[in-house]
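Down below are the structures I want you to see.
Both complexes below contain chain A, partnered by chain B and then by chain C.
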Partner chain A sequence: MFIKIGLIGKGNVGSCFLELLKIKKNYLNKKLNLKYKVIAIYEYDGALINEKGIDIDEILLLRNNFRSHKDWKENVKAIDSISNLNLDVCIDTTPTNPNTGEPALSHIFKALNNNINVISSSKGPFYLKYKEIHDLAKLKNLLVKYEATVASNVPILSIKDSLKGNEIISIKAILNGTSNYILSRMSSEGVAFSVALKEAQELGYAEADPTLDIEGYDAAGKLVILANELFCWSKTIKEVKIKGISKITQHAIELAKSEGLIIKHLAIAEKGTLIVEPRLIEKDSPLNIEGTLNVIELQTTYSGPIIIMGRGAGGYEAGSAILNDLISIHRIINNIK
Partner chain B sequence: MINLEVRIPDTPGCLIELIKPISNNGGNIFGILHHHDKKINNMIPVNISFELNEELREKKLENIKQELRKSQIQIDNINLGIEQNNFIVILTGHVFDTDVVDTIKRLALKEIKVSELEAKFTEISEVSDVKFKFNFPESFTKEDVITEINKICQEKDLILIRS
Partner chain C sequence: MFIKIGLIGKGNVGSCFLELLKIKKNYLNKKLNLKYKVIAIYEYDGALINEKGIDIDEILLLRNNFRSHKDWKENVKAIDSISNLNLDVCIDTTPTNPNTGEPALSHIFKALNNNINVISSSKGPFYLKYKEIHDLAKLKNLLVKYEATVASNVPILSIKDSLKGNEIISIKAILNGTSNYILSRMSSEGVAFSVALKEAQELGYAEADPTLDIEGYDAAGKLVILANELFCWSKTIKEVKIKGISKITQHAIELAKSEGLIIKHLAIAEKGTLIVEPRLIEKDSPLNIEGTLNVIELQTTYSGPIIIMGRGAGGYEAGSAILNDLISIHRIINNIK
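Moving on, here comes the complex of A and B:
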């Protein structure tokens, strides 16, 4: 039996996911018995739709010219169409409006209300309406997966399943590559904040408007999802105490260094509180990572600290996390151990 | 007495690397506790207790820390006995223009004493960064101290960077 997939968003993440589907097709079919058909690929101005299954190879060959494909239909909107296609899984990879969580939030509710399982790489819905989404999924007996929303393919949400015999006490993490890149450059090369930010923008690590990254909103959103998942909380981003790094000066970095300390933009969840702020850490702390990497330190009752690190952004990284979520859904709905 | 908590690789000769800097800096070692049962990733937690000459204590301890770091020995905690309740914060903002003496006095009234202060700024009227080392009574937790500092920071619009 085929899993029928609807993909919303054919940007970098969506395209990388399709490429991974192609690359791993044999493995999925033969080793995991996961057979799939991509029925719809939605963009803001239309959609590729073929109920027999879209030819992924053809779409990938067309790259950005996919609108010239015979399956392309102008002005079809995901929100109107996903309920008509008898989909098993809806995958949302759209960019999030940080204040409203849209359009992903509406896509997720629409899919769940129409008995479609959900995978998302869009953070907004989960740091704004975590409880509502889970309540609806539970009511409908559906699955919602979103590993890519926190640290991309670093398996930090799914680590929960591996720690059922333990107890997590606290989370300390670096969850935003842009702010970590800036602080790393300030520490290692002694450059000013403004210079490090400009570098990050030139290298494509920071957006033209870097506010969400440097003021801590992006990390706060990820922290909410992570803490809700690992601590079974139902918090929203409004409950995070957020301080950015834009006022960190070279002088502060030097003063910290003189004590063997480093300033890092930490996301912390412990004792019911959520904090994102610049903190002093020991130079030899495992949280002292360089560049755009993400790192998460879980303090546990029975195993002490558990540290996991990796690239927290990128098309293939997120695409790979989505594929993993798809495999997980396939296993659960087909009752495969 | 100083109690040092470190992690060393479970390989021959590593314990010597731990003892050497303490001995080189005139440390009188009282005891070493090797937690083989808590070995993680081939790293063994070790507690070592020693005394240093009071007058040169800070300088010697700094030398020991540096030498241990050079030997790739990870320091988890340093307990300085009576001086254990101290820590460092950096305040950023108009630390001087908002009367740094008042800040220090108000904290002292709460028994939080500044033991060291180092400042960096371009002009006294500009934003400055000031590192404070605090001592506080054993009856306080670190979070109690942070709460008191935070109150002043909010009032004076200063940014607190803490550990």
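Moving on, here comes the complex of A and C:
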């Protein structure tokens, strides 16, 4: 049986995912008995659709010229079309409006309402409507996976299943690479906030409008998803107390340093509360990571701290997280032990 | 349906596991629908046996006087008895002879041959007879879990399932807390190897005979299990090139320091080879951890390095890893999604 996939969004993440599907095709078929057909690939202005399965090799060779492929249908929209294709899994990788979660949010509800399992790398829907999405999935007996939304391929959501014999008390994390890069540079090179920000923008780490990163909204969204998942909460981003790093001065950093401390932009979940703010940590804390990495420290009742770190962003990183979600769904729906 | 458990070994790990079963009983019953009965608890000189289920509260209250309990049967041996009790899961927590893997090895084969799933915190069987154990389990359609054998509750074996969409290229790890503690002290305090070793022994980190730790055999055993699991190998400890740390001098440590480097006792698996030896690493490497922690760095094709760290030993740590293995087995045998 083939898993029939609809992919929404053929940007960096969507394209890397397709490439991974191609590279790992043999492994998926032979080792995991996972056979797939990509039935539709949606963009904002149309879609590639082929009910017998799109030729991914051809599409990847065409790169940004994929609209010239014979399967391209102008003006077909995902929201109208996904319900007509008998899909098993719908994968959303669209860029999200951070305040509304759209268009991903509508795609997810549409898919679930039409009995299609969901994978998403868009976090908006999950920090805005976590409960509603999960309630609907449960009602419909469907799966929703979104490992890529927090720390990309670092498996911090699926680690939950491996810690059920323990008990997580608190989460402390660095979930935004841009703000961590800026603080790292301010600390190691002694440069001002504005200089470090400009550097981050030139290196492509920060957006032209870096507000979501430096003011903590991006980290807060990820924190909501992480805490909801690990603590079985149903909170939204409105419940996070958020403070950014734009007011951190060189003076404050030097003062901390003189006490052997470091200022980091931490995302914290404990005792029912969610906080993103600059905090002082010990210089030799495992949370003292440099550059654009992400790190998560889980304090546990029976094993003390468990720490996991890795890259928090990138096309292949998110693509491989999505592929792993697909493998999980395959194992569950096809009852593979 | 109750899961019927036989526990072999009521030392520190076995007792902590029983305590966790008690503490988390409500959670297991209500949230995970996992109902259990502990039918037998074996020690070297007899066993507690009750086919209706041993009263764990009573046993825990008796502490080391458990042999006074009404269910105690003198001279009953696990190897003769486990096949007679209709067990679903046999949990081995016995101390292992590092060269033979006994008595755990025989317990595991006996259990599998009698259609009983296995959980083990004894690593000997898995670095000596990994293939044979897995072949038998497969033949019998049974489950064998042993998360506690490597880095205790740090879920480095089960992380495999979360990285199938990626590809692990190499493993670099610190898997022995004692030798890491000694090197840390030599480096931070400038003390000689013999002094740091004595300190570790006084603090209870090192055994009276510390050979297995400082000569690398303990780390090598864990490395075999980790690499077999993550790379689908079937190697044994004979295939590990092992060098200890007892010849590391203060001079060597100072020399490394002057270049900004640190000497660590690394366990490395890459390109088909297994090595445990002292290696130089950068001062700001994530592998530069202090004290008795364990750390594992997985180099991956699609997400760069993924690092996970935490406590590598301890009764509750191992107990919660075992409990998690039990939860996994429950989910699989009872087909819970």
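Just so we're on the same page, the second predicted complex is superposed on the first by the 337 of 337 C-alpha atoms of A that agree within 3 Å, B and C clash if a C-alpha of one lies under 4 Å from a C-alpha of the other, contacts with A are read in each partner's own complex, and residues count from 1 in each chain.
Note that a contact is a pair of C-beta atoms (placed from the backbone, for glycine too) under 8 Å apart; a residue touches a chain by one contact, two chains touch by 3 or more.
Just so it is clear, the structure is predicted and the values come from calculations on it, not from any experiment.
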* **When chain B and chain C are modelled together on chain A, clash or fit** => clash
* Should A:T249 be classified as contacting the first partner (chain B), the second (chain C), both, or neither? -> first
* Asked: Of the two partner chains, chain B (first) and chain C (second), which one does A:A111 touch, if any: first, second, both, or neither?
  -> neither
* To do: Would you check which partner chain A:G304 touches, where first means chain B only, second means chain C only, and both and neither mean what they say?
  => both
* **chain B versus chain C as contact partner of A:A137, first or second or both or neither** => neither
* Partner chain in contact with A:D284 - chain B first, chain C second, else both or neither -> both
* Asked: Hey, is it chain B or chain C that touches more of chain A?
  -> C
* Should A:E259 be classified as contacting the first partner (chain B), the second (chain C), both, or neither? -> first
* Would you check which partner chain A:N335 touches, where first means chain B only, second means chain C only, and both and neither mean what they say? => second
* chain A residues contacted in one complex by chain B, in the other by chain C -> 284, 304
* Structure fact -> In the complex, the residues of chain C that touch chain A are 20, 24, 32, 147, 152-155, 158-159, 161-167, 284, 286, 289-290, 300, 302-311, 314, 316-317, 319-328, 332, 335, 337
* Flag every residue of chain A that touches chain B in the complex, lowest number first. => 243, 247-249, 251-252, 254-256, 258-261, 263, 278-284, 304
* chain A touches which residues of chain B in the complex? -> 40, 65, 69, 74-75, 88-90, 92-93, 118, 120-121, 127-131, 159, 161-163
